[in-house]
């Protein structure tokens, strides 16, 4: 087989749009061929990444979560010792409902009380039987509870559970009760267990599926990525969280609580072997691309306030310790 | 000489061999082909096969072995200090190979001076510059050592080529000579050729076995890892499926098995009657004009990407079932349900049942129909009592194929039935299948070393065993009820 | 010698009525016959109706992809911006990125508006520039770099408009939706409308959809299925060349030659079972066997083709075996009886008679292979690929996409314009399938006969 | 040896059961049966004789509309059964075939057990109500077709595993079991040994007391033995039709004469 | 009428072509052929007679190993052709069948044209080198089987569109065209009219001058006319085997006697 001359990228479907925008612009403005960007999920991408070094392994893994220690070990065992971690920005996670429906102003506690399997009522742990949002909090609209949340395969689910449900658990004061009743370990679990009676619907597909589900069940509220919402503002109405409306600015400033960092990982051993690899990495995090006015931000990426550090690290080929 | 040329020469020799074989056989038989054991073409094929097959085998073996041998040869040429990091070895070798390719490309274009060609390693920088100018891309890391190794690589490569050229051609000529000499009028050329074809057929059948072995092997290892991290009793007997990111997942397969069976049964309940009746209508009632239009039209259903069905389930069928059946009947208000996925999947599976069955039904001899009609059966009686039983094995095969597709489908289930693993009798509840979970755990975000991801392999293997059991039962049933005509 | 006369049958006597007057039982049986026939017709009606509904949705969603809105305008290629050094040196000119070119385009459009006395009311400079697709700067840049002499002149170029503008002319975007849409505004659409009335903007047939590669999420208007078609063609070639002969050969061996014993039973069950293996598992196998073990490249049609071959084989084998089984033994006897070898019997007589069934299996198997995404997910073919693979055989090893992959990708994208593209790609896929079928159908009709 | 049949071919003139007028049959272009006019009598055995390929089977298949199943086959003219035009739009071919049974030239047992082969007709026509009745009719039919002794121990083995002659008799038994009014038999004894042949002929003779039987045969002796009426076909034409006695002793047409005088088999 | 054959059934003793020793055939449990010993002579027509189901076809199929194709069929004992054991592992059944051709009891033309049906054998055995030779052999074979006149205008129509008797003759033509050394014919004239029968018999007689022919027939007259040797089978046993003259005039076994004396057809 002849040597390959294009960069190969694999991994997260959340990072995919940003990676393709960067890849496309990269080839338009350089003589390198367009990197091939696969999507198959963060985990699958990292797994391929850690398969080893060489021509028939990928160069870059996109991930919507930081690489885990166990994965780094696996990488090392396969000879992928030097890995550059590059954070490209943040993905905001928003709650949105049908454009024609009610407006919502949520707090994490609302979500906990609406979706948790067990809630605390009058200091006692009881099964969650709420059916309407206004039973949760009187200010919320009189509307059936129906939430489309990411399925357990999605990294977004982890963020949702930790930054919304678990936070809401604490905020509602249920965490303490759980701790008292169930002990530390079980309490964390109880905080994050969602009800299974059909009020909370897992979505294993992607945001387009969530959007379609809202289209067929108008009283549903879905969890979306900020960029997805921004491309569909004519169909979706976004909800505020603790009074903050999600936007690239409020997320970058940290006012809006629900977001997660996005990364890509570069196999250092491939730099110098695969034409254009380093150039691509640098291009990806350059101000023109990943900066607050670049195309990635236009598309909905929350630009990293510390982008300059990242740029330097890439230029220095700094690897993870 | 590139491999493709060698192959072409071998094929040319085979053609020569064919002609020689025919000629020799004829001349030995005194020009009367009737005195030969086999037809003359078989003598030709016999020689052609002997000329081509061993030589091509040699060539293929070489193509597989050459990179390994070259790599070994290169190891000597690359200084030890570069190879000390064993992990990067393959990269360096790739680099050497790229450089060698770039060099030979440059040489062909006449870019390099004689001096540079004589000592590429010494002139590494100059060559690099020239290559970059000429737009020949190669990795930027090429050092003089690499150039030296590249040169060595090219040299051994060309030696290897020469050797294989000679070897392969020798094999071809030897085979040709041997086969030609063997010819005599009583020589059973046809048997030789047919034995060869039979060998080929056996090789093809063994691919199925190899695939199975490959599938089992590619999953067994990771399944082992999974069961080290997760107790098998919980997996096989657990009734809750809820993977978690932070550990503490419950990965019981039972709800998934239940969902798989439930959805498949509904899908078959739709596709088997519709498909079978369609097949019967096409082969027994419809005019050949109608049939020639309807059959390929129905086959289109098998070619529509499943995502279209998924969207159909999600946008049209799901809400419809919810609004007109589930809610009025008080069976819940879920937009996605086993029923939705089953119905839509059933539509997709219609052609699997209908087209295959139609062919089989059509192959039942007309004399059987005549027999039944002659006794005063109606056409439907003929079909039900005579034709269908005679076509049973084929029809069961078609149904099995449809069932297999139902079990293996993801997109329709995800969009139609949802992603929640539940064990419930209500067909208007959301449920999910093993296959869906295999896909989502494999393409999800969990740590790829964690049981939440590895469970996909265990699921795959378990499903494999389950379907195997179902297939054994089916084989037994078919054997029992089969009616062999004539 | 016959021991009983039939005339005194104990069974209920037969009514000897007129032919045109049906007796009760015949009427019942005829009603059953009618019902049976109606079930058959009904089944076909159901199948065809489902097909019609699906096709209608696909067509109504996807036909739009074959038309695209273009804006034609004169662009002054300002030398100051595009070649600051003034040397017409390519390397220096390459330093100007597409961002620079987009400014040139924006300026050109504004100038055109001014010349045609179209007011810019309520629109910022950026808003106006956004009417033009993000693909356009790259197009202009390539044009200039290919012919540096253009710098300094003014050229007429035809560029894609933004996806929302395009959607407006196809009815996907309305003034009302634009009101709420953060990516466009009614004013922009109004401007586009004016441009159209002036004849500068037109929606026309869009070959680019069939020839372009994919585009990133920000440029639905530029995305095409060119590479996907090539990738699918390459893969189908591999599948056709491998799966059909191997499948038929394996069936012949198993059905006609294999001794009927335990081992054959195991193989038979095994093949039926392979059909039930979810397609993603074939992806796992492909990754392990072809990429990690055999060292074939990622994202390559050859690997995709091999995986799909393994996946299609059971379908072809099962249907071929059923078809072979259906050929009556008397045909085999006839050939064997005049001294044909088993091989000759099969190839001369049995196989032609089994051909319709084999073709059906092939069609269904290929249809399945053509529409499959899941296994490709694991071998890197569900990918964003912008560079065309070269011609086969080398091209089989280059990265490529595939039609179902393109559909899958596009349905996941945020911009609703991609949904139209996805449906368009499905249309292409179905046409592809239809083309493959036509030959098979033709052959099937030639070889179909009853005996 | 022919005495019995000669004796019985007596004076009683039975009424017409089937009457054909100007029947033409085409297979695509091929004109296989030309202008045939014939009256087939009730309670009579009629023999069709003629050289191979002359259209005997084709005409026979017209009588119970089995030709409907051959796409390229076209029938013109009129055939009536008990006065009803069988090609009338209102006629149900199923009912017709229940009345006019058929034994085909090539034995075509169903791939079912011997028992089920015979029981098939009675079951679909509701001639039996229970297992006992079915057993009875199966045994009687098989005995009538002289097959009972050979198969009584293997009634539940497939009918396709029988020898050629056994299959032929099975098909006869199958047709007889449905108790048709007219039985069309296309060379029913071609694969039978003399003893079995005589048994089948006896069966035919019995059937005659109630039904009408049409038999195609190549054996002139057989025709002479079992039939009261004989029709001689030649190249698609019905050359001569009349009392069997007359045909064999005083043929009117020279073609008939030359055919029966060349008699050998 | 039988004079000719009686005359020719002369003194010359031909050498043995096929010899069977203690042949047993089982279909699963069923013992269909029992302990058969027979010598079939070269350049001789041998007739197998016996009641339907007695094992004639089964034994015939043993001679060219057609029974190999029936899964449940098991053959024991020894059969030699020109001294070679045909069940020897080294024997190629294909070559055997090329030498020992067969006409089956049920006509089974290929669903191909009439021409291709006949030309198939010569083609695969390389007996013809070009179209002219093929045409020649096709015509000769069809003429031999008395079918030429009927089909010469429709050689390229499917063989399955022929009448029963025509199909039978087509199968005879097909078998003859391959020019086997031994021809096994299972009731080749069962569906033929007397004239066609006599033509086929004439063909058989011609073939005898070079080959060995085995014919199964139910017509004792036919056996007497065409064969020099006759074997009488009964319930799977070879009851008697000898010169046709002797069998029909001086049967040694009472079973033979009762069978031929019950002769009718």
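Each chain carries a letter (A, B, C, D and E) given by its place in the written order, and its residues are counted from 1.
The criterion applied here is as follows: a residue touches a chain if its C-beta (ideal position, glycine included) is under 8 Å from a C-beta of that chain, and two chains touch if they have at least 3 such contacts.
Being a predicted model, the structure only gives us computed values, none of them experimental.
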{"item": "Chain labels contacting chain D and also chain E", "value": "B, C"}
{"item": "Shortest path length from chain B to chain E (each step joins two touching chains)", "value": "1"}
{"item": "Contact distance in steps, from chain C to chain E", "value": "1"}
{"item": "Geometric centre: closest chain by C-alpha means", "value": "B"}
{"item": "Top chain pair, ranked by number of contacting C-beta pairs", "value": "B-C"}
{"item": "From chain D, the most remote chain by mean C-alpha position", "value": "A"}
{"item": "Chain centre separation (chain A, chain E; CA means) in Å", "value": "83"}
{"item": "Distance between chain centroids, defined by C-alpha means - chain A, chain B (Å)", "value": "35"}
{"item": "Separation of mean Cα positions, chain C and chain A [Å, integer]", "value": "31"}
{"item": "Centre-of-Cα separation between chain D and chain C, whole angstrom", "value": "59"}
{"item": "Multi-chain contact residues (two or more partners), chain B", "value": "190, 311, 365-366, 378, 381, 442-443, 485-486"}
{"item": "Multi-partner residues of chain A (each touching 2 or more other chains)", "value": "2, 40, 44, 55"}
{"item": "For chain E, residues contacting two or more additional chains", "value": "94-95, 106, 124-125"}
{"item": "All pairs of touching chains, each written as two labels joined by a dash", "value": "A-B, A-C, B-C, B-D, B-E, C-D, C-E, D-E"}
{"item": "Residues on chain B engaged by chain A in the complex (per definition of touch)", "value": "86-88, 90-91, 94-95, 97-98, 101, 137-141, 242-246, 248, 311, 314-315, 318-319, 332-336, 414-415, 418-420, 422, 429-430, 432, 436, 440-450, 452-453"}
{"item": "Parts of chain D lying in touch with chain C, wherever the complex brings them together", "value": "81-82, 84, 86, 88, 90-92, 94-96, 98-99, 122, 124-129, 133, 136-137, 140-141, 143-144, 146, 176, 179, 181, 198-199, 202-203, 206-207, 209-210"}
{"item": "Chain C residues touching chain A - in the complex, by the definition given at the top", "value": "94, 97-99, 134, 138, 141, 177-183, 215-219, 291-292, 295-299, 377-378, 380-387, 394, 397, 399, 409, 411-416, 419"}
{"item": "In the complex with chain B, residue positions of chain E that touch it", "value": "92, 94-95, 124-127, 129"}
{"item": "Contact footprint of chain B on chain A as seen in their complex", "value": "2-3, 5, 12, 40-44, 46-47, 50, 52-55, 64-65, 68, 70-71, 73-74, 78-81, 151-155, 157-158, 161, 188-189, 192, 196, 198, 201-205, 209, 212-213, 215-217, 269-270, 272-275"}
